[in-house]
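Structures for review follow.
One chain, chain A, links the two complexes that follow: it is found with chain B in the first and with chain C in the second.
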Partner chain A sequence: MHSDPPPSLEKRYARIGVVLIAPTVLVFCAVILYPLISAIYLSLFSIYTPTLAGEWVGVDNYTALLASGDFWNAALNTLIWTVGTLMLQLVFGVAMALLLNQSIVFQSLARSLVLFPYFLSTVVAVLVWRWLFNDLYGILNHVLLIAGLIDAPVNWLGQMPNAMISIILVGAWKYFPFVVIVVLARLQSIPEQLYEAATIDGAGPFQRFTDITLPQLRDVLVVVVLLRAIWDFKEFDLIYLMTGGGPVRATQTLSLLVYEEAFRLNRMGMASTYAVAMMLVLLGFTLVYLRQTNRLEEG
Partner chain B sequence: MAEVVFEKVRKTFGSTVAVNDLDLTIDEGEFVSLLGPSGCGKTTTLRMLAGLEEPSGGTIRIGDRVVNSVPPAKRDIAMVFQSYALYPHMTVGKNIAYPLKKRGIREPERSERVMATARLLELETLLDRKPAQLSGGQQQRVALGRAMVREPQVFLLDEPLSNLDARLRAHMRAELIELHRRIGRTMIYVTHDQLEAMTMSTRIAVMNAGVLQQFATPADIFHRPANVFVAGFIGSPAMSLVEGELVGSGGGDGERRFRVHCGALDVALPAGLLNRSAAPGPISLGIRPEDILLGSGHHTAAVGVVERTGHESIVRLEAQGTPLIVRAPGDTPIESGETVRFSLRVERLHIFDSTTGLRLNADTKDS
Partner chain C sequence: MNASRARMIWSVVTWTIVLAVVFPLIWMIVTSVKPQSELFSIPPTLMPETITFEHYRRLLTDTPFLQYFRNSMILAVTTTVVVVVLGTLGAYSLVRFKYRGRETLATLVLFTYLMPSVVLVIPLYLMMAKLGLANTLASLVIAYTTFALPYALWLLRSFMSSIPVDLESAALVDGAGRMGAFVDVVLPQALPGIVSTALFTFILCWNEYLFALVLVNSDSVRPLTAGTMNMLITSFNIDWSLLMAASVMMSLPLIVIFTFLQGTLTKGFGAGAVKG
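On to the complex of A and B.
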């Protein structure tokens, strides 16, 4: 039995496992790991994008970054955009989920309509919104003028703080359905008997919301906030298409700054430096997210 | 005063009648079980009393007060749910304190009452745990504690033991009886388990298809079932019910005498077994498994399956096409396939009118 044993069943399974997972690992290395390492590597050079030729500058890009007004401006814009749009997504998302959880009649229709913005291509959505926001022939100004709320057309996208408010609103409109789906799913899994018990125990409708619904939503909201924060933080297409970062740099977020450095100013090294800085921030978010989800799975 | 009265209470869901003209008066301090199969309306009855469902008709009174439109929190009732419905994000202590908090009872009284309840239910050491960290039996006690803490007039319990394993269930049955004895409040207990109903209740309300079948003490329910449904539902194994014919057999001394013909069984009934309304015609004959005596007698039957549990044997007989179930002592020397002789304890036979299903025995009580 002990002389020259054939590989045990577990060992053979392990071998098959390695073979099966290998393609995924290879693809992962090619599309995630390699660009990641390249970005860190490139951030140590001063590179001209079209030729990718450049010289070693060490950490000069990083010292330049810390002294750069553009970087801090973009970081602040990213913060305002992320916090602003995320708050609105949460408020609208939770409110809509509560509403959809109430009525039963229009629920399926309402649910598909609510999901509409989320499924719509960003380019299409943004083009429509730019028409709506247009200062000369947009319907928004038209309606507001007729209603007498404004005296003259408002420049929604070309002026501050309107431009920031506009992208925050469109971002909220586009992404609140995600909050709706997740929160609604959780709402429907809260046992009805908890509400009945609370009713008998003497809690009114508002207290049932604060004492039962909110605590039950807490865990799922933590996950939603972290995920949306990560995604909003690196949002590019919506902002780029709406305002292009303008007026001037008023809505330029870090993603847009990276793009500008790399492909407008042709400074790939500096762009990589910004990207690495973004990555560090996102890494922080991700670690919190992973810790949180692990905690949820355990408890 | 906390008697509970249902008067002509109805509940319909669309075209389905869940509870049909229920009349029921539960005295103060009673432990009453609502017993019946799934969908018999027992839970709906309890939920109407709790205020979680609105009756479609009739009145419900708790004490002197008509509570039809009184919100659940103001009915002075507490409910223990089948799933316990403990607030998962609150500790045991906070769960128990919750009804007090919502009623504006302040510290330190609140903590004192929580502690007193916890002591009574032996939960003192668990007050800082979350429900998920407790065993089923502990969760059950927390649910009871949350109901007890504000000392309601009436306790409503909706199948509270059905999620426990058999051993724990037997233990909790005894604890509930003890608890009822100690606090002396009215308890209304919904169950489909006749053992729970029989062992704990002062009276049992047997329901079927939304209709109250019988409301009586466990002994009455068992020995004097009001109709065929109650007869078949109570008792394990169930009473054998055989369709047959009641025939008069004269009787010279002015007493009415009857015989029953049920297939192979032809039995002369003792004088006075049946009440005044009994008349020749189709009947159902009910025989409890313990009222068939094996070994001698002038009836014969083939032995089918014999289930031995140790202290008793459940024997299935077939007397010329009539199936019967017998409870015999565990050591009865009997094998499947044999033919046995048996006799009936005729004074304990149950006779029901085939058309109305009502009991025809003379000892029938009005319920």
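On to the complex of A and C.
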């Protein structure tokens, strides 16, 4: 940044840099690093939540985890939920971004309105949707009945596979604006000349999309998929508040399992074990994400 | 001729979808002003025949809503101030200084930003019990820091790295100290980014649910999210109009902030996905 400052100055600057970051690092260690490490430590104990009395059990929790039907059930549900809602977010988000990139009336108002679901509290989203899904007075059943698509009111949240479909849909509604924001920003930075050149070469709208738009979006889409996969994977609020993991355990994901284990079944050690397992999966995701973003920065 | 025709078609298609997307929110507002008698009419009335603010009045007088609102406000503002002050200094350090471990630190920040709250909630619950902070607003401020700090740091870092170094260098050449240059030159330029970060962090804290659910259990310290859900769970007959009124009220501060943030939405919400 400066043309060769004397080494003493550089050293002094480094010291200022360290002083500036020090408070952040301290808080980091106290509220994030320490709890993370104690989560790993706790996973080696059997702890009863109300009394917090603990007993060392070593890796017993981990062998129990591998043999536990609840864990594999939750892992499968997490996979179904994540893949399902992510696909919808992606398809719907890209389509919406393409539409909003067209010249339309009140374009900026339309762009703002679409972002609302993303930005409201999950609690609000869930309340609204539970009211829409209400089996007796919900407007969704009415509309579908009038349209003749169903013969009797549908129980949206209380039976399978409806409950899983419902949370996937609400998840898609809540989070697709993230895809819209990122993709729209990228679309606006594609040089217009590329399209002009393609048009002169005789490319139709569809060909322009597959030959120019998609390749240009590729990198940003990879990052979006990774980020959304991480966030959907760890989602708690939406699923917990929509179905509570039910009916029975049909929509219980790993996040909900950790919560239930720790604060309903009062087994904190076991809950920590599940949490550590989640952490390992996310660590994998994060490493892929880092490699991807580093590659983009270099390329 | 064709251009305006195409514009018309695209407009109709897009706006139909946009309205479908925001319909649940329109329905929330409609429900919140419908009289009780109309709420359960079959088929439902699309526009309320009479508009009433009865539910809002009941919400403010008969429920602890205002208490929840106050708690949320204190929590979100306190956390935001703490996090933004720490984050501004930290981000400046990460962007402009060279020392060992800087890159590792930046990576660690990202990693914790992506860490699930359920992993932290158990040790934090134990920690609060040990510190004697169980069931206090302070415990929630600490808990919210765990996601707000990495987020703010990440966002501020991208805002700060887009500030050109020239002016700062000029100030240094003119004999300003490093901190003098920071206060006089960097801060004013970073201010828009800092304000946006503060607003995004506020939203994040305002909307938080899991920590609020686990760490506090009395109305005097419960924030809006947990409080409103509690109204749903504990009521014998679910009062949908009241809950929709609460949802509208809960969203008001966000709508105000939203209008301020128009310009930086991409950066704030796209944090991590869009290079700064």
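What we mean here is this: the second predicted complex is superposed on the first by the 291 of 299 C-alpha atoms of A that agree within 3 Å, B and C clash if a C-alpha of one lies under 4 Å from a C-alpha of the other, contacts with A are read in each partner's own complex, and residues count from 1 in each chain.
Operating definition for what follows: contacts are C-beta pairs under 8 Å (C-beta built on N, C-alpha and C of every residue); 3 or more make two chains touch, one makes a residue touch a chain.
Being a predicted model, the structure only gives us computed values, none of them experimental.
With chain A as the common reference for superposition, the partners chain B and chain C occupy compatible, non-clashing space. Residue contacts after overlaying the shared chain place A:262 against chain C, while chain B stays out of touching range. Looking at the shared chain after the overlay, A:215 reaches chain B, while chain C stays out of its contact range. In the superposition on chain A, contact is made by A:129 with chain C only, not with chain B.
The superposition-derived angle at chain A (between chain B and chain C) is 80°, Cα centres, a multiple of 10. In the overlay built on the shared chain, the residue A:224 is in contact with chain C alone; chain B does not reach it.
Touch counts on chain A: comparing chain C and chain B, the chain ahead is C. In the superposition on chain A, contact is made by A:119 with chain C only, not with chain B. Legend: residue contacts after superposition of the two complexes on their common chain; A:275 is shown touching chain C, with no touch to chain B. Note on the superposed arrangement: chain B and chain C approach each other to a least C-alpha distance of 11 Å. Across the complex, chain A meets chain C through its residues 1-2, 10, 13-14, 16-18, 20-21, 23-25, 27-28, 31-32, 34-36, 38-39, 42, 52, 96, 99-100, 102-106, 108, 110, 112-125, 127-129, 131-132, 134, 137, 139, 142, 146, 173, 177-178, 181-182, 184-185, 220, 223-224, 227, 230, 233-234, 236-237, 241, 255, 258-259, 262-263, 268, 271-272, 275-276, 278-279, 282-283, 285-286, 289-290, 293, 296-297.
Note for the complex: chain C touches chain A at residues 7, 10-11, 13-15, 17-18, 21-22, 24-25, 27-28, 31, 39-40, 42-44, 86-87, 89-90, 92-94, 96-99, 102, 105, 107-112, 114-127, 129, 142-143, 145-146, 149-150, 153, 165, 169, 172, 178-179, 203, 206-207, 209-210, 214, 224-225, 228-229, 232, 240, 243-244, 246-247, 250-251, 254, 258, 262, 265-266, 269-270, 272-275. Considering their complex, residues 50-52, 71-73, 77-79, 81-83, 85, 87-90, 98-99, 102-103, 132, 146 of chain B touch chain A. Across the interface of their complex, chain B is touched by residues 191, 193-194, 196-203, 207, 211-212, 215-216, 218, 299 of chain A.
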